[in-house]
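Several structures are given next for inspection.
Next come two complexes built around subunit A: one with subunit B, the other with subunit C.
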Partner chain A sequence: MLKFIGKRLAYAILTLFLIATATFFLVAGAPGDPIAAKVGQMPEQAQEIIEEKYGLDKPVLQRYVIYMKNLLTTGDFGESIIYTGKSANDVIKTNTWVSAKIGLLAIFFQVTIGVSLGLVAALNRGKPVDHIIRVLVVLAICVPSFVFAAVLQYFLAFKWKLVPVFGWGELKHYILPVAAYAIGGIASYTKYMRNSTLSVISEDYIVTAQAKGCTQKRTVRKHVLRNSMIPIVTMIGPAVAGIFAGSFILEKMFAIPGLGFYYVKAVSDNDYTMVIGLTIFFAILFVGALIVVDILYGIVDPRIRVAKGKK
Partner chain B sequence: MKLRKKMLAGLMAVALAAGSLAGCGGEEKEKKTSGGSTEQVLNISTNSVVIGLNPLVNTTAPDNKAHNMIYDPLVRDRSAEGNTDEIVPAAAESWDVSEDGLTYTFHMNPDAKWSDGSKVTANDFEFTFKKMADPSVAATNAWLFDGVITNFSEALYNNGKTPDEIGVKALDENTLQITLVHPASYFLGLVAGSVYPVNQAKYEEYGADYGTSADKTVYNGPLKIKSWSQNTEMILEKNEQYWGADDMKLDTVNFKVIQDPSTAVQAFINGELDVVSTSDTNWGKTIAASGDSTESNVPSNAPEFFMFNLKNEYLSNTKIRQALSIAFDRQEMVDTLRDGKSEPIYSLMPDTMKVGENTYTELVDGKNHFVSAMQEEYTDPKALFQEGLKELGKDTDTSKVTIRYASRGTDELSKKIGEWMKQVWEEKLGITVQIDMMEWNIMWDKIDAGDYDIAQAGWGPYYNEPSAFFQLFEPDNGYFNADKTGWNNEDSKRFKELLEQAKYVVDEQEKANIYLEAETLLVGNAIIAPTYLEASPTYVKNYVKNYPVTTNGTTDFSQVYIEK
Partner chain C sequence: MNETILEVKNLHVSFKTYAGISHAVRGVDFDLKKGETLAIVGESGCGKTVTSKAIMGLLPKQNTMIDKKNGAQILFHGEDLLGYSEKKMTEIRGSKISMIFQDPMTSLNPTMKIGDQIAESILIHNKVSKEQAHKEALEMLELVKIPNAPQRMKQYPFEFSGGMRQRAMIAMALACKPEILIADEPTTALDVTIQAQIMDLIGSLQKELNMAVILVTHDLGVVASVADKIQVMYAGKIVERGNVDEIFYRSTHPYTRALLNSVPKIHTNNKETLYSLKGTPPDLIHPPEGCSFAPRCEYGMKICRLKYPRETVFSDSQTCACWLHHPKADTKGLPETMIRGGR
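What follows is the complex of A and B.
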């Protein structure tokens, strides 16, 4: 197991290095420049002064070496070109938790509600409850979260004034974004849970359990639920890593001070240090989450652990 | 059966949870109604963040909006009723201009203080100007004074002078003297809009940290920052040290970041914001229906125009360019593409543009509306186009002509403009127009490289005088120089001479006449084709008083108040 984790970590570090390098050159090669985004259009001579200050007059390779040296020796992503005095590290420190809170809350609701609904649908297969759930699932999967967000914002906040239209800081501000974020996921988890439960129900060991005289309640709790949760676990990992990407539009709509704002703006501004810093940060989360899932997978399903052990 | 009961319980729990959430919202509403007194609180917003509070290096639109509240420039260019603006005393209580227009002497307001209680002196302003002229500071507004203040460009571009030698001098702590290279009637406007002072003592103490956070900033404006969370909200409170604090009513300004325009509109209608701008006519109707706000629809000062690249084989001909410029009806363009919420222009200069005390349009008696004059003179643009082809020695069959068109971005409006222009030009002139949709920044790269035929462009002037636009097209040093526009002939040489000549003229009428001649070359000969001034309606709640919305000029927050 340790060897497995060590190997995964080594690959992860290599991946991160490649991502950092690729991002650097992609951003450097992209058209447009951060100075124009920072100050608007001005005469060339005046622009050169500012480029010189940020070292943008140096050749790309030299800038790459300087950047990487800084990153590897100090772990500093560097000062933003646009946000004078701010580094990607500062932005990550202050804004990550905001995005994370919304995403994690949404995932919590997605999994709990999704798993329950999926189970209900599967156990009532073919009955009206199942049909209703399935129709709702298809609807919810097809409609993107920002449409839900707009609809919720329009009715709950604007028309009925139950919650504020936008804002951040209090409990009431979470309701719309978390709900809009969660709906699509609830539907997916419901769908996966229903399918996986159906396949588990037809397994021999369920028939055996029922034949032994196990009550339905006990069968579901002890045998069905645990086994049908396996595919769900694999979905949670990437979902956790993806919580930042998932909420960009929602953050914009509800004026939530998350990471999304900086990421999107940094890309359109060609703000190198910010783009690279945030990209590496997301990459770390993603790679980390995948490793955790691999480990978790073994815990949930002993068969996988055994298979790996044999090799 | 049992399972079903459990499910029911689960569903009920969910319903309960939903109920409690709704409950939260209900409380909020109650709080609002009970707290609805006439507190002097103003809620405004911006669609992008304030980057920093150091006025030397932070100059984006939201930055300027914040700096206008927290800093007091030498003079203020204040918005007034009826889309006018006025230069009023601020940190300087009065000023003298020498006969030749070259020396400005500012007398500081003796009551002007920084938020730390120290006096705002002429030395602070001298320090600010010198920092701007220092190339190592890389002050973003510095270039505006290049060629205006004595020795400024020499210092900024390291040409034999140091920032200490620029023509800005504090004669004593109450008197600031600035000497200019040439008389510039727009100088006060320039100082009002682009020089917010820094506190010398604290700037030297904090260094690069100055203005990066609320506590590393010293204020001399009507408001100071109480708390600042970069991408949510800046809360400003009345600055008790401000010289006009006694007459000021506003206590708090909540300056929020709302990127999404429809969120801002909904917040406005629900009373969470007091001012909002939207060009969406559906939202406009909803706002109007609630009847609790006033709409101001003033045009911006930034003209939209088409640029013609004279390096193109067809566009090198004046008649062909003129034909392209007059072939479309600008009013129809605005009605179709902007729901009529913009103002067609027939000169590059907005009618609010001033030369000295008067507007340029008045001084030249409307003769600057070159496009409409040409439209009257040449009723058949196609015939004009064909004359041009003849002059070039080409076949007069216009259907053989293909011209590329570069959009400014890929947003909805740019697409619509491109498609509309293609349709109109093809129909009226019989030519083929090939649209290149490209991102905003790529379009600028292409213009830099001169790789375009017709480009959709626009420009916001840095001060309200025609030279702010003319300088752009100055063939050697302008932003749109001859490398980019291909404008390199007798006309462009004459254009440069005229601009140089105008600099030294003090008389308004004489100056306006020179500008008119320059515009004949630029717009009359269709190096560019001005189209319209964007106007997006701004709505201000009726309980907000003294908040005029104008083309030029900025809100004076010391005058704004709430009356519910």
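What follows is the complex of A and C.
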């Protein structure tokens, strides 16, 4: 197992290096000029001074070497071109946790509620409960999260005044964005859990468990749950990584100072340092999440664990 | 040896399907004595598995109907299991009556250690500690002759071969020393050498624990060496029953004959074509009025298709439901051994 994790880490570092390199050259090669975007018309001399400050007067390869050296020795992503004095590291430091809190809470509710509803639907297959859950699931999957957000804002916040429409800082500000974020995920986890539970309960080993004298409760707890959770675990990793890149619409709607918001803005501003820095940071999160899922997967499914051990 | 522990009386089981109601078991009676081996033989879909699952109460509740009107009963030590609540049935299952299944590759939980799976049945039915249950589980694994049992306890089913898994299944089923073991095609999924080992194992454990075995199979070859009595099922009914000698050497039902003929024999010539029974079993959604084997029977008569024959009794153990044994039947051209005076 340790050997496996070590190997995965080595691959992860290689992946990150490749992503950093590719992003650097792609952004450098992209059309547009951040300095022009920042100040518009300015005397040529002034422009040269700014270019020199950011090293933009040097050839791309040399810039790349300098950037990588800084990144690897100090972990510095560099200063934002648009916001003078603010570095990409600052943005990451102050805003990551905001996005993470919303996203992780949402995923927590998605998985717990989704898995429970899926289980209930599967165990009551064909009964009214199952039909109701299935109809709701289809509805929730079809409607995008920002529509939910708007509906929730209108009813819960504007009409009934139960929670604030938007804002950040207090517990009550979490309710709407987390709910809007979670609904779609709850629906898809419910759907996957229902399907995988249905296939598990028609397995031969469930009959074996009953033949042993397991009550229905015990059969579900000891034999159904773990086996039907296997496909769910694989979905969680990408979902965690997707929190940061995918939540910018909701962050904008609820005026949450999250990372997604800055990312989108950096791309539209051609803010080189911010784009590269945030991309590398997202890549670290993504690759890290995938490693965690691989380890989790091994814990849930012994077949994977042993296969890994042998490698 | 002669105490009757299980009595099945007039069992009718039908299933609701999209096409209609399928009558899978249509009046089955038999009894089982302590320590005895009963083989239920027949081709796929004849109702043998349904009969055994009915005894265990393992048939799916949503679409199964067990007809209790005609005095259907499954008496276990004189108590009717059909009247038992689900809770009472779970106490019987795995402790008094156990079952092993056809496919050991899919019948074990893939994410649970073998030791835990065996210990589970001990934990469910006995008030013992986890350690004690694991100790007993280990003893069971040794009893079914799995080498390196202590290491094997900690392994998962995918680390076991097919034969080893079936041994583990047997260990699991016998962990609570049941009085009856129902083995539903226990060797069908295994290769021939392993088949013999598993049958020997079941046989020796049966003697050791003095339990009764119901062996459900379509393979007469497996039955010959282990069964005390055999009943042949066709289309949800028992068409002939008898002890091993009677079924193998003096069978009286054309279907039993056909089954026996389709077993390859050691002196079969290489170039000889193996006998195969033509046709397919009847549709049990619309079961025939008369004998359901009549359309495939080489001795079929007019009466066969109109009315179901009564059982003719040949000995204490052998009975047969076939019109050929009616006093008025035309027995010309029949094999001599088949015609015997009934009582």
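Following the convention adopted for this analysis, the second predicted complex is superposed on the first by the 296 of 311 C-alpha atoms of A that agree within 3 Å, B and C clash if a C-alpha of one lies under 4 Å from a C-alpha of the other, contacts with A are read in each partner's own complex, and residues count from 1 in each chain.
Following the convention adopted for this analysis, a contact is a pair of C-beta atoms (placed from the backbone, for glycine too) under 8 Å apart; a residue touches a chain by one contact, two chains touch by 3 or more.
Nothing here was measured: the structure is a model prediction, and the numbers come from that model.
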Side-by-side fit of subunit B and subunit C on subunit A, or clash: fit
Superposition-derived comparison: subunit B or subunit C, residues of subunit A touched: B
Contacts of A:V300 with subunit B and subunit C, given as first, second, both or neither: second
Partner chain in contact with A:I141 - subunit B first, subunit C second, else both or neither: neither
Subunit B versus subunit C as contact partner of A:E203, first or second or both or neither: second
Touched partner set for A:N227, first subunit B, second subunit C, both or neither: second
Contacts of A:M253 with subunit B and subunit C, given as first, second, both or neither: first
Minimum C-alpha separation between subunit B and subunit C after superposing on chain A, in Å: 12
Set intersection of subunit A contacts, subunit C complex versus subunit B complex: 216
Residue ranges of subunit A touching subunit B (in the complex, touch as defined): 31-33, 36-39, 41-43, 45-46, 49-50, 52-53, 82-86, 95, 113, 116, 120, 123, 150, 153-154, 156-158, 161-169, 171-172, 175, 216-217, 220, 252-257, 261-262, 265, 270
Subunit A contact footprint on subunit B (complex, rising order): 2-3, 7, 10, 14, 21-22, 24-26, 28-29, 48-49, 51-52, 54, 57-60, 135-136, 138, 140, 142-143, 146, 156-157, 208-209, 211-212, 229-232, 256-260, 262-263, 266-267, 269-270, 272, 439-442, 444-445, 459, 477-479
Residues of subunit C touching subunit A in the complex: 56, 58, 62, 86-87, 90-95, 98-99, 101, 103, 106-113, 120-121, 124-125, 156, 158-159, 169, 172-173
Parts of subunit A lying in touch with subunit C, wherever the complex brings them together: 126, 203-205, 207-216, 218, 222-223, 226-227, 230, 300-303, 306
